[in-house]
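As C-alpha cells, here come the structures.
You will see subunit A twice below: alongside subunit B first, and alongside subunit C after that.
So, the complex of A and B:
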C-alpha cells in the first residue's frame, strides 16, 4: 500500500507535491519524502528541433519564470552561433537581456513574497486557512496587497517592453535580441504614473524589507529555528565576487563559508555537478561530484546567492546585505526562513538595477545581434529567481538539436527541500498520531521558503495541493490527508 | 465601383457592385474591398482550389471563388453563417491533420492558418487530432522543410522556380502520405533570396529560412497589427 503511494507518479500535474512521512510505533518520524511527480519531458521533445527555436520552446516549462529559461537557452545558443561565451554580445544585446531578466526576477520574487508567503507572516502558520491567502491579505492589509500586485505588474511591464509579451515573449535570440528599448518605452518605466515607475519600486522594496525585518524582530526564535540545517550553497557570481544573476562563474561554499567550488567556468558544469536519480521522484538530485552524493548536495536561490557573493553592486541593497551578513557574523546563513529576507534584498537590488539600466543610453543602440564561428555545443547558465539554472544543448550538422540537458533551479534544491520537510516534520509531528492543518501548513511553509516551481505554479490563494501520508514502521498507513 | 465597358454587375451578400470582366470572384471581391478567405491561392500563380477556404455559394451551389470567373448578374453568398462555419471546419481539419504548435513556431504572428483560426474564432478543433509522425528535413543548407506544419497548399511548388522554370519543390507520395519535398539537388544550391521567398510564400511555418528565427519582435508581425482580411476590407 505504502509503495503504491510513493512509486506511482501522477503525471503532468503541474505544481503537485506529495509528502510521505514514515513514523515508528512510538510516533517518531523516521523518514520523510517530498515527491515531485511531474513528468515534463522537455529535454526529449526539444530534440530534432532547429536550435533557434529552443529559447521560445523551452520557456513553456513555466508560466512564472519563463524569462529564465528563455535567457538561459539563448545564452547557450550564443555559444553555438559564435557570439562568445556569454559575454560576447553587443552592449544593447546584453543590457536588454539583463533588463528583461531583472524585470522577471523582480516580479517573480514579489509574487512569491506578497501573494504566496505573506499570509503565513500576517496570519501565522496556524492562522485560519480561510484567511491565510492573498484574498485574506487584501481584506485585512489592503495597502500591502495593492503594493504586491502593483510591484508585480511593474516587473511584468519590464518584460513586456523587452520581450514583446508579459508571458512567453521572444526578445532573446541566438546572438542577441530582437528589439531595443525606445525612448517612449523607457519613459513608461522610468516616469510612469505613480506607482508604476522605478523610483516607487525601490521605495516599496525597502518597505517590504522593513516589514520582514520587523516580523523577524518579533519572532526571532520561530524564524531562525524553523527548518534550519547546515548545507553547502551554490550560485553564479560575477568574476569579482559581486552578486550577478546574468553572467559569471560558479562558486560554492560549505556551511562554514569555506570555498568548495572556486569560481569555475560554468561551461564545464558537467565536470563539477552530477545528478542522482531516485525511484520515488521525477526530480533528480544534483550534487557536487568531488564531494559525492552524501556531502555534495547544496542549496541554491536567494539564501545561497547571498552566502556565496562578496557584495551586492547597488548601494541600497549592499547596505541591507551588510546588515543581513552581520546577523550571522559574516558566516553563511543556513536558516530556511531567511530565504525570505535574502529574497527581499534581491528585490531591492533588482529594482535598483532596473532603474540604472533604464538610464543607460546603450539600450537605444541598433546593433542587436552578433554572430561568429559556429559551434556544435553550448552551455548557458543564469541565476533564475529560484536559483542556478543550467541549459546545455548540442546540435548536428543540419542545425537540429541532438541533446538538451536542463538542470532547473528547483531541482538543485531537491535535497534541501527534503531536509526542510524532514526537519519540520520532526519538529511538529514527533509524538503525534493524527495530522492537524497547522502541521500540514508548517510543512508547506518549509517547502514554500524555497519558492519551488511546484509552489508557484499552483499556490494560488495561499494553498498548495499537498498530499500527506503518515506510514507506520511496518509501512501501514496511519493517517492520510489531502489538500486540493 | 462605377459601370464602364469592361465592367460587369455582380452581387455579393446582397451588395450590388461592378467588377472587372474576366476576373475571378476572389479578385473581384478584393477589388471592391470584400474579403474572401484564401489559403492555397497566391496572387500571380494559377489557382488550384485545393484548400476550399474560398468556398462561396452561387445559385445554392458551393463553388471555389479562386477558380470561378465572374459573370454578369452573378449573385454570390460569401460572409454567411453557413459558409463561415464551413471555413472554420476546414481550418480545424488542417490543424488536426498536422502537428501545429503555434507557441514555438517562428511563423506565429505571420502565419495565415493561425490568422484564419483567429478570424473564424477557432478555440479548439472539434475533430480528434491525428498526430501524424512527420519528419523535419534540415538537409538543405538554406532551408528547413518542417513536414509537421505543411498543409500541401502547393504555393511553394507553384512560385519557387529557378531561372529555367524548374521547380524547387514537388509532391511526393499520394493520399494521406502526400508530402511536399524540396528537390535535394536544387536545394543544395538554392540562392539566398529564393530561400527567403520560399519562407515568405509559405502560408504556415513549413518552410523555414535557416538560422534566422524570431528576429521580428512581437507587436510588429503581420497579424499583430490587424487581423487577416482587414488589409482588403480597409482598402475600399
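So, the complex of A and C:
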C-alpha cells in the first residue's frame, strides 16, 4: 500500500503551505506536491476603488513585503497618470522610490539569510532542532545574530524615512512621491552612530558573504547537489543588461544560458507569460507562452537575476558576481542552495546602492510629482526580494479600477519549488521506513531557499500550529503529529 | 522615571487585526494629554527580530495585539522569555521570542506584558467590527488605569 506524508504547514516561510509526499509500498517517493493556500480575493477586492488608492490598498496583501506591492502598484499607476512608462519620473521621484525599494530589499534578504537560513548552515539540516534557529545562532555566533538584527533595523529605518511610516506607508504615489529626504534624514542613515550607517552595512554584507563562502568551501557537494535541477530563469534587467530591481526589460535564459526572452517590454507581459491552473493548488503555475507548460516554467529571485543579468552596477558586488559566475564557468547556476549566495551578493549590492543614493543631492529636490495625459491601463513590474512582481490595472472614465491582475514572486516560483521538493524528497526519503525530523527539514530547506511569501495571513495569536499527517492511498490517516 | 514602550502590531487593513494598532493610537493620545513625555509608542504590521534591540532600551514594554482565542473581550498577561517557535513563520515572531532575543543578544529583559484584544473578523477590509470596537474601548480603559497606577508609583 502506498502512503502519503503531509507536512503542514511549512516552518519558517510566510503563510500556509503543505507538502505532500506520496510513497509506494517500498518506501520509494513516487510523487510530491507543494500545496499553497493563497488568498485569491485581492484582485476582485480592488475593483471599484479609485485608482490612486491602490498603492496603499495593496499593502493589505502582506505585512512582510508591503513595500514591494506599494512600489509595483505605484509604477503601474505612473502609466495611468501619464507619467511615462516607468522611467518618466523626476530625479527625486525615481531615486526616492529606489531608496525605499533597496531598503526593503536589504532588510528582507538579511532576515532570510541571518535568521531563516544561517541556522541550517551553522548546524546542518540534520542538526539538533533545538539549536537550528536564531537562538542557536546566538549561542555560538552571537555577533552574527546581532549583525542580522542591526542590519534589519537599518533597512527598516530606510523604509521609514522614505515611506513616511511603518504601516500603510504613502511614500510612492501615482506620478512620483509625496516626500523627499531631508538632510537630517539623510545623515541619520549616512552618518548614524555605529553600527547604524551605510558604511557598516557594506562591511557586514561582505562578512556575511565570507561566512557563506567559507561554509561552501567546506561543503561543496552538500550545497551544490541539494535540490539542483536545470530550469529557465526570468527577471527584469536594465536595458544595458545590468542588474536593476526597479526598472528595465524582461529577460529569460534557459539552463544553458540561451536567451529565450530577449529584453521585451514588461508592459506587454501578457503576450509572453501564461498561468496554468492545477486542480490541487490554489496557486497558479506561470510559464513562457511560446515554450508551453512543460518547457516554459522558470525560476525567479536572486538566482534567476544573477543568471539573466550581464553585470552588477556597483563595484564590490560586481567583484563578487565575477567570482560567483566563474564557479559555473559563466553558465547559469541551477543549484537551489546557491540562491543564498546570490542573495548575499544582492545584499551587498543593495547596501552599496543605498550608500550611493544617500550621497546624491537629487534626493533633496522639491519636484516630487509629474503627470501627463491620462491612460486607462497601466502595468508596473519590479524585482521584489523574492522575484519578479507584476501589477496590472485598468480604470474606467470615473477613475475606478475595473481590472487588476497580480503575478507575485512566489507564484512565479511555484513550479521550481515543487521541483525542489521532489528532488529533495527523492534524495532524503527514498528507502526510508520512518520519517525523521532532519528529512522533513531537508524538504523545508529546499523550499526556504526560494524564500516564499505564501500570502500573509492574519497573524492573530494562537493560529499557527505545525501539523503533520501521513495518509494512505485511500486517504486513511496513518500518522498525525501536531507541533506547537 | 522608568521608560515605557507600548507597541501595537497587526494589519489595520485586515479588519480586527488592527486592534493592537488602534489601541496604541488611543493610548498615545491619552498619554500625551495626561502624562506627556512618559510613554513611547510604536506600531508595525508584525513583530520582528529588530524589535529585540528596540525593547532593550526600555524598563517596561506592553505589546498589544488582536486575538482570535476564546477570551472575554481582552486579556493582559505577563510575558516570559521563550525560544519556543510559537508561530511557524519566522518572518514574524512572538512577543516572548522578541523578549528572549533581547535577553540573549543585548543582555536586557524589560518587564513585558501582552494585551490580547478579542477580534472576530480578519477579511481584507479597513475598520473594526462592532464587537471588536467594544472590546477596544474596554481594554483601553483598563490600560489607562494600569498605566496611571504604574506611572504614579514610578
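One rule holds for everything that comes next: the second predicted complex is superposed on the first by the 434 of 484 C-alpha atoms of A that agree within 3 Å, B and C clash if a C-alpha of one lies under 4 Å from a C-alpha of the other, contacts with A are read in each partner's own complex, and residues count from 1 in each chain.
Rule of thumb we're sticking to: contacts are C-beta pairs under 8 Å (C-beta built on N, C-alpha and C of every residue); 3 or more make two chains touch, one makes a residue touch a chain.
Being a predicted model, the structure only gives us computed values, none of them experimental.
**Q** Would you check which partner chain A:148 touches, where first means subunit B only, second means subunit C only, and both and neither mean what they say?
**A** second
**Q** Looking at the overlay, what does A:53 touch: subunit B (first), subunit C (second), both, or neither?
**A** first
**Q** In the superposed model, does subunit B or subunit C contact more residues of subunit A?
**A** C
**Q** So in the superposed three-chain picture, is A:300 touching just subunit B, just subunit C, both, or none of them (first/second/both/neither)?
**A** Touch partners of A:300: none, neither subunit B nor subunit C.
**Q** Touching A:201 in the superposition: subunit B (first), subunit C (second), both, neither?
**A** Neither partner.
**Q** Looking at the overlay, does A:179 come into contact with subunit B only (first), subunit C only (second), both, or neither?
**A** The first partner, subunit B, only.
**Q** Touching A:168 in the superposition: subunit B (first), subunit C (second), both, neither?
**A** both
**Q** Considering each complex separately, which residues of subunit A are in contact with subunit B in the first and with subunit C in the second?
**A** 57, 60, 168
**Q** Spell out the residues on subunit B that touch subunit A in their complex, using ranges where they run on.
**A** So the residues of subunit B in touch with subunit A come to 103-104, 106, 136, 138-139, 144, 208, 210-219.
**Q** Can you name the residues of subunit A that touch subunit B in the complex?
**A** Residues in contact with subunit B: 48-50, 52-53, 55-57, 60, 81, 163-165, 168-171, 173-174, 178-179, 369, 398-400.
**Q** Going by the contact rule at the top, pick out the subunit C residues touching subunit A in the complex.
**A** Listed in rising order, the residues are 10-14, 16-17, 21, 42-46, 48-50, 52-54, 65-69, 83, 85-92, 100-101, 104-106, 116, 119, 122, 124, 126.
**Q** Applying the document's contact rule, which stretches of subunit A touch subunit C when the two form their complex?
**A** Within the complex, subunit A touches subunit C at residues 9-15, 39, 41-42, 45, 57, 59-61, 63-64, 66, 111, 115-116, 133-135, 138-139, 142, 145-146, 148-150, 152-153, 156, 166-168, 453, 456, 458-466, 484.
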